[in-house]
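The block underneath contains the structure these notes are about, expressed in structure tokens.
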Amino acid sequence: MQNRANNFIPMAQVALNDADLQTAVSFGTQAGFNKRQAAMFADGEAHGQAMRQQAAAIRRRALNNLPELLEQAEANMQANGIQVLWAVDGEEANRHALEIARRHAAQSVVKSKSMVTEETGLNHALEAAGLDVLETDLGEYIVQLGEETPSHIVVPILHKTKESIRDLLIEKAHMPPTDDPETMARFARETLRPRFLAADMGISGGNFIIAETGSLALVSNEGNARLVTSLPRVHVAFVGIEKVVATVEDYATLTQVLPRSATGQALTVYTHLVNGPRQPGEADGPEHVYVILLDNGRSAIYNSDYCEALACIRCGACLNGCPVYQATGGHAYGWVYPGPIGAVVTPLLTGLENATPLPYASTLCGMCKEVCPVDIDIPRMLLDLRRDLVAQGHGGAVWGVGMKAWAWGAKSPTRFGLGGRVAASGRRFMPQRLPGPLNGWTDYRRTPQFAAKSFRQLWQERKGADDEQP
Amino acid sequence: MSSRERILEKLREGERPFSPSNPPAFYQPMTPVADDDPAALRARFVVEAQKAACVVHPVKTPEAAIGVILHLLGGETAVSAWDLAQIPIPGLADALEQAGKTLVGQDASARVGLTGVDAALAATGSVVVMSGNGRWRTASLLPPVHIAVVQGNQIMPHLESWWAAQKADGLEHTRQRSNIVIITGPSRTADIAMQLVMGMHGPQELHLILLG
Amino acid sequence: MVERPSPRGKRVSLFVTCMVDMLYPDTGLSVVDVLTHLGVEVDFPLGQTCCGQPAFNAGYWPEARQVAIQFLKAFKEAEVIVAPSGSCAAMVRHEFPRLFADDPAWRGEAERVAAITWEFSEFIVEGLGVTDLHGRLPTPHTFAFHDSCHGLRLLGLKEAGRILVGNLQNATLVDWADSENCCGFGGLFSVKMADVSGAMLGKKLDRIAQSEVDAILTGDVSCLTHMNGGLEKQGQAARVRHIADVLAEGVRHAEPGQ
């Protein structure tokens, strides 16, 4: 996907002025957040927190052993009859998929939701090679019809009102007019069903890979992921290398903490495991199953102080809880992953210089860390990214000069106190509009007033004692 | 150097990112089940399955089970069923034949699918369905109505206990099942303005015939 | 919560914070008056300026270090440090050790002050074990709390302020559904991402308008400045007050003999 993260500020402004988007995003995030609260703490606050810690430890243990677990996963998947391919970057992953399609003379492809394939731009690559690709997750199908991009990890069209979805289905898919979501969903079912049945190849993502058994784990509600992985004769799964977990016990915790955080469900409707292609004697299932393990910048993150970002299980809870995401929606973040986790992984996966506003798109309120089912310290990483941005010269010249000046003043109590007295005596002349980059303050707030006498002056007057020099 | 080698080598380049730790001796189950005697599990299963929008049909005899199935089939003549030997209702094959029903395997036009289950989970009202000979995946996936036959003694507390049982039997058996799905209710979506719609690409109705 | 040495009986060095120093000096005096009322000896190291948080949060860590070093120098003799700000206390407690992790000259001192720094309300309730100041407001008032994010999520501040205000006579606390929602300040975020900050502030101000209490109380003047600045821009009266000012008011009007 094209990366527009450097345009966050103007895109956020567009989003703030889009009344329909504001309504939809506000409603969607609130609903998601409330459902998460209810589900995570259904058995009490202490239990919910304990499960978060259990899940957090599972992910970190897996990351700590990542190379060994990948080898074990590969060996077990191969023993099950799954073919395992590795891809250093998105282009290589896409090439693997194309080669597989050619090998099996696959022309039509049905896809279930995979954020990783958005990273690699798989759909465009397949279409450019003449394949016919259909997104089958309802939200992704609508995104595809509208030639848009998803705006949320779990609910791709969170930013769209029911009316705009209706209009899109009428215009692009020739749906008979209706305002009823159930009718719209039936229409999509009937329209897409023949495509599932006729498809040569199914492409899915992967929520987890269980190393102990060589299983690919998927969670879904609609049934399309099951159709994609059961009907066509070839199934290809794209999975980030960080998704491996060690044991079935680890998987049991994660596959339950994920839906609670994402949609407020104890389990998604379909919690399934692909163990391999159809066995002898089985009447359905793919003849060939491939898993493409994708790096695409993850190994670089692994070797950095940001490794815990790889613990993410893509639940979207941080998006729903983030007051910035609630205000701007997902498109403003400019790339595949929006919200707090997006603000961290976009610069890390695509380069700091390609996402300079994102680490600053936060008040560091900490809600993301509070709702993360695996306790990722996103605020800590945002601060570190800001440090890295400044150190690499992306801080902006004006801010740099301003900060140096401020530090020069603030590191000396004499200058600090003097500065305060100057500002206080000039307070009658405080401008209605602050200069330069500070003018954003006065767009929404009155300028704060320096007091006639600072605290340190009042203290000294009270004590009437000599100054104690530091 | 292959991509595989490049990736693994990169991952092994630096120090391990976290301090080493062992798995816990005991994993807390996500959904605790306090009372695990069979009657309590059964009661919990029914409650949770209904919460997940399943329709539960408790029956005491095979004849009663057959009665429910024929009732749900109504005027439909085709049923996409598993090999009936895999469904624990004696007399089912004869009853369906006498009622003029045709078993259509994986015919995508069938409106009703009929399967057994491998296990049921009380904590979430879920059924575990594994693929295998005579147990096609599509029977629980394509038709708008899915009927699943559950025996009371198949009900376990939760997912964690199911995995423990799999491990006790040897995970090689589990791995040989090419597809395992834990089904909790009929398919659904909330993608349209967060409004929940039951029935998306998978079944729109899930009926659980609870034997015994 | 990490166990910290009890501050009882020790001299308190007030870390008044740069914003209180320059913009709300009366709040500083409120802190002094409340602590003095509790029999605490309070001093004010004049060498203090700022903890360096503005630069730190903006990613300018070398500049932040320069200012933080001045903090370390100023508080060299401190036994206990108290600040009327969750975010400033969190800066010292959580970030100073990180900021100086690679600096052998200052690391020890950074860790020392981190271990002795308290936010004002938690100092009284958890540090001193005092829950009732025996204070009394001159007239009845209703209050709701805004839980400033750094205090809430980094320091675990939630109950202490509510306990102290709740025990003032003539003070009634009202639950407020919006208490844990960020006001949108976020330091330089308020100017760098002014439109998003303004949108978040707008939602907060709507909730303040709906709250029907006399004042919203907070432990952070940064949030307070942001919210009151927005209220005044809208032509409304400033309604956000620092908890220290309300407690001081209660203490100054306490009945004799208490």
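Chains here go by letter, A, B and C, matching the order in which they are written, and residues are numbered from 1 within each.
Note that in this section contacts are C-beta pairs under 8 Å (C-beta built on N, C-alpha and C of every residue); 3 or more make two chains touch, one makes a residue touch a chain.
Quick caveat: nothing in here was measured; it's all calculated off a predicted structure.
Relative to subunit C, which chain has the most distant C-alpha mean position?
The most remote chain is B.
Any idea which chain sits dead centre by C-alpha averages?
Ranked by how close its C-alpha centre lies to the overall one, first comes A.
Per the contact rule at the top, check every chain pair and give me the one with the most C-beta pairs in contact.
A-B
How many angstrom lie between the CA centroids of subunit A and subunit C, rounded to a whole number?
Distance between chain centres: 33 Å.
Between subunit B and subunit C, what distance separates the C-alpha centroids? Give it in angstrom.
Chain centroid spacing, subunit B to subunit C, equals 54 Å.
Taking the complex as given, what residues does subunit A use to touch subunit C?
Per the stated touch rule, the residues are 9, 12-13, 16, 323-324, 327-328, 357, 359-367, 369-370, 383, 385-391, 395, 399-400, 403-404, 406-407, 410-413, 416, 420, 423-424, 437-441, 443-451, 453-460, 467-470.
Touching subunit A in the complex: which residues of subunit B?
For this pair, the touching residues of subunit B are 2-4, 6-8, 10-14, 16-21, 23-24, 27-32, 52, 105-106, 108, 123-124, 126, 131-138, 141, 159-160, 163, 166-167, 171, 174-195, 197-203.
State the interface residues of subunit C toward subunit A in the complex, per the touch definition above.
16, 18, 20-26, 28-29, 32, 44-50, 52, 54-61, 63-64, 66-67, 69-70, 73-74, 149-150, 152-154, 181-182, 184-202, 225-226, 229-230, 232-233
Going by the contact rule set out above, which residues of subunit A touch subunit B in the complex?
Those residues of subunit A that touch subunit B are 24, 27-28, 31-32, 42-43, 47, 50-51, 54, 57-58, 60-61, 63-64, 66-67, 70-71, 76, 79-81, 86-88, 92, 136-139, 142, 155-158, 160-162, 165, 181-182, 184-186, 188-189, 192-193, 196-197, 212-215, 221-224, 226-227, 229-231, 241, 246-253, 255-257, 260, 263, 265-279, 281-285, 293, 295, 299-300, 302-303, 307-308.
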